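What follows is a pair of complexes built around chain A, which joins chain B in one and chain C in the other.
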Partner chain A sequence: MTGLTLDRLSLRHPGAARPALEELSLEMAQGEMLALLGPSGCGKTTALRVVAGLIQPDSGDVRFDGASVLHLPPERREAVLVFQSGQLFAHMDVATNVGFGLRMQRRPRAEIAERVAEALDQVQLRDLGHRQPHELSGGQRQRVALARALVLKPGLLLLDEPLSSLDAHLRGEMRGLIRRLQRETGITTLVVTHDQEEAAVLGDRVALMLGGRIRQVGAGAALWNRPADLDVARFFGGCNFIPGRSAGGRFDCALGQLALPPGAPEGEGCLTLRPEAIEPGEGPNAVTVQVLETRFEGLLTRITAEAGGLRLEALMRAGAARGAAPGRALRWRLPAEALWVLPGV
Partner chain B sequence: MSARWRLVLGLMLVVASMAPLLPLGLWSVARGWYFPQILPATWTLEPWARALSPRSDIPEAFVTTTAIALAAAALSLVLGIPAGRALGLYRFRGKALVELALLAPVIVPGIAVGLGIHGVFLRLGLTNSALGVVLVHLVPTLPYVVFVMSGVFANYDAAAEAQARSLGARPLQVLWHVMLPAIAPGVAVAGLFAFLVSWSQYILTLTIGGGRVVTLPLLLYAQAGAGRNDQAGVLAVLSLAPGLVILALVARRITGRGVMIGGAG
Partner chain C sequence: MAGSATSAIEVIGRGHPWLSLAPALCVIAVLFGGGLVLGLAGSLGMGRGGVSLDAWIAVLSEGRVWRSLGLSLWIAFASTALACLIGLGAALLLRRRFPGQGLARLLFQINLTIPHAVGALGILWLLSQSGFVSRLSAGAGLIDGPAGFPALTQDRFAIGIIAHYVWKEVPFIGLILLANMQSLGDDPESAARSLGASPFAAMRLVLLPLLMPALIRAGAIVFAFSFGAWEVPVLLGQSAPVALPVLAWQRFTDPDLATRPEAMAIAMLIALVAALLIRVAMVRR
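The block that comes next holds the complex of A and B.
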């Protein structure tokens, strides 16, 4: 178990217009599982490769348990990176693949065999040791790649989009396996993903990365419901932004005076609430809206409405959305506990 | 296409490509074979006995040719694998120019190359030596190796090497345990090409070796020029030997199903 510190990492790829990493800082406690979430191209895979030692940053520091590892080549770092595609060596069978790292350390043959069997057991592939990589399914390949890393008992496990190459039904299974193995082994794990749901399920904490920096770190729910700024809110699908002024637990805006939850920041700001938090009907913070458009999105229906010159979007289940037709006036409740003020926006 | 047709066509191909070589083989076991005889009047192993006798220079030339071809193949692999890797994996300024320059030795006649290099080698003291011949053989062998290897590396995923490093492999271990196994089939093909190309060199060996370095093609031309059909026949058969042996060994791998040149899954 290794604690990880990223200290103001900066990196610009040659010829790139924008830096891949910009003063990126992040702390991970020993034994923690953190999901590094961000859209594609935000630099999260680059960050992972810097931690693994495959890329050198232009400036900043990477510390394992407080000690800088920047001078160490990848093979001498306590971290093992599992590539997105799994990267099984095509000319080796499953057991030989899993034993690769131990062979590079020149461990005794008996010890390798024993630990490989143990690792294959962990990922429930006990009997597949003699298969060739091309005989495996995508999920099995990913599990072999995981076993190949776990067998080394690394201090820090780095997973690059471990589920992105899998079918939807395999994803849930693999997600459960990764979580369970992380709990059992207690290995500090940094997992990179572009999928919000995956980040929330896998990470003890979620770190959102946008444009080469960490924008917000916290429990998954905090990032959804208490975004630090507009970009974070937008990334998580926030679409309701109401400018106004917060004072004494109330928010003055085009919709009138709305009650805020306790502890909301004071002053000029922007009120945000998630579209799925809006409820139909009367109650505190109820407003009259004019429906503009409805769109069926499977489980939920997205309703766009207008109130006080502002656009509001709500996501409702089929039952709650009944009666919402373009042109009709409805009463919507904006629950105080779902409101969140972004100060100074 | 039915299996029978395929067999017939295959046999026709073999016959068509082997037929011109048949008289050479016959010359080497004939005594007096004159027009209009279809086959030699008398059969004999005497040309072979003479060719392999201690007084003959053919055995020594055979050893020299083999050694030079092995050295040229090995050297062109050592130089050609990194070059092919660079051409196959990376994009860089002037890459098209480099690729064109690599083709040049194939386009420019060997005699021109040989005479040009002769002056340089003379100054370096490399003429009339086997080392000089090995080096000049790189001119035709290296492009083959670089082209084969750049094709191999174009299908090669270098991320496998990064993965190996992260799993604890040092750079040399990565080379040995990850890269070489993945490119091995391509290396074999490139090495065989290089060996055969060097094996059949005449002009370059003659100009740089200055007649001191005697290889089979030199003897073959000499004997054929002197009208010694029996010895020329023996030499021709010997010259064909490695090509045929290699073909027999690798035909299945080169033409058969599941060829994995480059194949890093």
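The block that comes next holds the complex of A and C.
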């Protein structure tokens, strides 16, 4: 178990217009599992490679348990990176792949064989040691890659989009496996993903990365419901932004006066609430809206409506969305506990 | 009609792979297969009334042929091994990013465009006893005169021929390996490094095995060429024994038409030995 500190890391790829990492700072406790979440191209994989030692940053520091590791090559760092594609060595069978790291440590053959069997057991591939990588399914390959890292009992495990190459069913299974193994081994784990749901399920905490920096770190629900700024809210699918003024637990805006949850910031700002938080019907904070458009999105229906010159979007289940047709007037409730004020926006 | 044109293309495109390959195969069958068949027929004395193995027996029982075969094998093996080794080393150096990399790659590849005969003459001018290096050494007082310079062309060990093939084929091997490395990317080695491999171990245990199939294929091409081509041994080889392709050429151009079947038999022997050795190299993978 190793604690990880990223201290103001900056990196610009040669010829790139924008830096890949910009003063990136992040702190991970020993044994923690943190999801580094961000859109593609935000620099999260670059950050992971810097931690692994495969890329040198232009400035800043990487510390394991408080000691800088920047001068150490990848093979001397206590971190193991599992690649998005698994990167199994195609010319070695599964057992040789899993035992590769131990072989590099010059462990005795018997010990390697024993620990490889144990690791394959952990990922439920007990009998596949003699297979060639090309004989495995995508999910199996990913599990072998995971076993190949876990067998080394690293201080820090780095997972780069471990689930993105799997189909939906396997993804759920693999997610459970990663969680379980992390709990059992207690290895500090940094997992990079672009998938919000994956980040929320996998991470004890989620760090959102946009444009080379960490924008917000916290429990998954906090990032969804209490975004730090407009960009964070937008990233998580926030689409309702109502300008106004917060004072004394109430928010003055084009929709009238809305009750706020306790502890909301005061002053000029922007009110935001998630589209799925809007409920149909009467109650506190109810407003009249004019339906503009409805769009079926599978489980949910997205309803765009207008109120007080503002556009509001709601996501509702089929039952709740019934009766919403373009042109009709509806009453929507904006629950106080779902409202959040972004100050000074 | 446009409709019929599309449907014809569609039929070919959707048909059995053999059907789609038919146009290319026809050309290959006629040009190469035809040549092979005619060569084989010629070696069996066909077209001279009847079939006989006389030419084959004569060729296989002749000491000169075996000595030539040995020389050709030596040339081909030595050239291929050296070209593969140096080409691999060059590719490993050239894949790193460094200032002036583009220019270095260009210089590395430039002799791909030079014809073999021209290259061989260049070697002659450079390495022969009256050549540039010899004169330079004499000028520097290292040797007394041209005769004191070691025989590097028309020599017993075919050093001039091998030097030419290595010079010519290193860029070819290097180019194929560079392309291969580019498509592999850095990730296999990075994965190995992250698992604790030193840079050298990552190269030896992960990158090299991944490059092996391409290296063997490229090496097979170099081997087949250096084993079967005659113009370089003609220019740079000694007069006896001559390389096997040169022997075939001499028999073929002999005023005595009776030696023609022997020329064909030697040519067939070259093709057969090359095909067999390449097959063995590929299967052993």
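The rule is short, and it goes like this: the second predicted complex is superposed on the first by the 345 of 345 C-alpha atoms of A that agree within 3 Å, B and C clash if a C-alpha of one lies under 4 Å from a C-alpha of the other, contacts with A are read in each partner's own complex, and residues count from 1 in each chain.
Convention: a residue touches a chain if its C-beta (ideal position, glycine included) is under 8 Å from a C-beta of that chain, and two chains touch if they have at least 3 such contacts.
For clarity, every value in this text was computed on a predicted model and none was experimentally measured.
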Partners on chain A (chain B, chain C) - clash or fit: clash
Partner chain(s) touched by A:Ile278 [first = chain B, second = chain C, both, neither]: neither
Partner chain in contact with A:Met174 - chain B first, chain C second, else both or neither: neither
Partner chain in contact with A:Ala324 - chain B first, chain C second, else both or neither: neither
Which superposed partner A:His134 touches (first chain B, second chain C, both, neither): first
Interface residues of chain A shared between complexes with chain B and chain C: 49, 52-54, 73-75, 79-81, 83, 85, 87, 89-91, 100-101, 104-105, 148-149, 152, 158
Chain A-touching residues of chain B, taken from the complex the two chains share: 157, 159-160, 162-170, 173, 177-178, 181-182, 263-265
List of chain A residues in touch with chain B within their complex: 49, 52-54, 73-75, 79-81, 83, 85, 87-91, 100-101, 103-105, 133-134, 148-149, 152, 158
Residue ranges of chain A touching chain C (in the complex, touch as defined): 49, 52-54, 73-75, 79-81, 83, 85, 87, 89-91, 100-101, 104-105, 148-149, 152, 158
Sites on chain C touched by chain A in the complex: 187-188, 190-199, 201, 205-206, 209-210, 212
